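A, B, C and D are the chain letters, set down in written order, and residue numbers restart from 1 in every chain.
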Amino acid sequence: MSKVFVHKLRVRYGETDQMGFVYYGNYAQYLEVARTELIRSTGITYAELEKQGVQLPVVNLEINYRNPAKYDDELRLETTIIGNISRKICFYTKIFKEDNTLVIEAKVELVFVNVKTEKVVSCPEDLLNKLKGFQ
Amino acid sequence: MSKVFVHKLRVRYGETDQMGFVYYGNYAQYLEVARTELIRSTGITYAELEKQGVQLPVVNLEINYRNPAKYDDELRLETTIIGNISRKICFYTKIFKEDNTLVIEAKVELVFVNVKTEKVVSCPEDLLNKLKGFQ
Amino acid sequence: MSKVFVHKLRVRYGETDQMGFVYYGNYAQYLEVARTELIRSTGITYAELEKQGVQLPVVNLEINYRNPAKYDDELRLETTIIGNISRKICFYTKIFKEDNTLVIEAKVELVFVNVKTEKVVSCPEDLLNKLKGFQ
Amino acid sequence: MSKVFVHKLRVRYGETDQMGFVYYGNYAQYLEVARTELIRSTGITYAELEKQGVQLPVVNLEINYRNPAKYDDELRLETTIIGNISRKICFYTKIFKEDNTLVIEAKVELVFVNVKTEKVVSCPEDLLNKLKGFQ
């Protein structure tokens, strides 16, 4: 059974817009924090990965907005990995409010890229093994 | 035949990230500018719409990232409306670089909401008529 | 002696720019988080304050940038209040890296505003008493 | 007499916060656009400058917030250069609304840095000559 990685963060004032809710574009940062922390939980950091010459640009983003989040809400981000990890990796995140209201559901697909050659490469073996539990 | 609304904007320094490209989440703002300007081109502004009590929260966002955009690139945003306009409206935007490289393709679906009742409503008739050309 | 409020946060990828450091404008959000959490530590939240009809718009901002912060750095924000709290309040924040390198020093001055009348008002007594320790 | 460089931009929805005004931290991006466009007006671009190995990190920022700007406001940014241009350059910008209300006054001080050596250097002669008119 796939593990779910849970991370919490609080909505900042500057992340809201005049509608009084989190601006729809700002969830991209939350999703990035969720996958960064999921990777960190395996003992590898994305920062190290980049230093070793592997980058993970996003190739596809899909967000379903279900209920608005507000300033100062403490959000719970639940993240798993869907599909196989190969040259691509797809993170699936649900964001909830403290009362368990679903805020958004999102899929983010990224590719592994060798910084020097700028070519798509396979997920480093080491990372692959550590991420398997989240699939 | 559907009209395409064209708008240009230049990438700001603060919109890039350390990968040297526009941060994937920042395209949401560009897409917002594109639909705002499309609406303005009909003679109605989104700002007026909100003052009249109609808001347009985003319910779905989908972005395919094709090629990275860089600082100072002048981007061309081509926007049309896909499907029927009812309680929902769906904007489809392609972003190009000056050399016509495709940067992203994106679909943004929004709903019309009455600010007071917080209920979903139909697109105001006036706006509907003006937007028809872009379908 | 004045208390110093300490808060930690981690630099997000989207907060860096192509120079490879935190974009100079993004520190404003960090400073906002620091004062929000300082206020929360007194048992009052800024969110409640706004609901009670008091807003705190920023009237002056001054930042000295000393050393760059990078993606994934865990920053330590040390905040005190300088001067008297009256209709204005001035927060002073130093941000450090884990190795104690000073990143920025900043002063943020805000005024208390009654949301309904849009007039500047005095700091609510309750809050004033709770903030005194940080002066 | 010093020339004033004028640039106009429109406030984006995502740049507002729940107070209904432009978030205080977002002016940093506007100021960056103002100085970028001032430099471009001389025939040199900041993008080229970076490619030639010179970066301009911000070392000091000071903003006085006078009146709030709103979504969809068309802002007029008037920029000059104050003091001597040496290893440092200081831009002074006033932002106005269409009705000439002053929104903010700001000073941004930057240093010229050689990307390779990471040392502070003098302003390139070529740029210096072109910027003199704005002093």
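Note that in this section a contact is a pair of C-beta atoms (placed from the backbone, for glycine too) under 8 Å apart; a residue touches a chain by one contact, two chains touch by 3 or more.
Predicted, not measured: the structure shown is a model, and the values here were computed from it.
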Furthest chain, CA centroid comparison against chain C: B
Chain C against chain A, contact positions shared by both copies (same if over half, else different): same
Chain A and chain D: spacing of chain centres that average the CA atoms, whole Å: 34
Intercentroid distance (Cα basis), chain C paired with chain A, Å: 27
Distance from the mean Cα position of chain D to that of chain C, given in whole angstrom: 24
For chain B, residues that touch 2 or more chains besides their own: 13-14, 19, 21, 23-26, 28-29, 32, 71
Topology of the chain contact graph, where touching chains are joined (line, ring, star, complete, other): complete
Chain B to chain A touching residues, read off their complex: 19, 21, 23-29, 32, 55, 57-65, 68
List of chain C residues in touch with chain A within their complex: 12-15, 28-29, 32-33, 36, 45-47, 71-72
Residues of chain D that touch chain A when the two form their complex: 13-14, 16-21, 23-26, 70-71
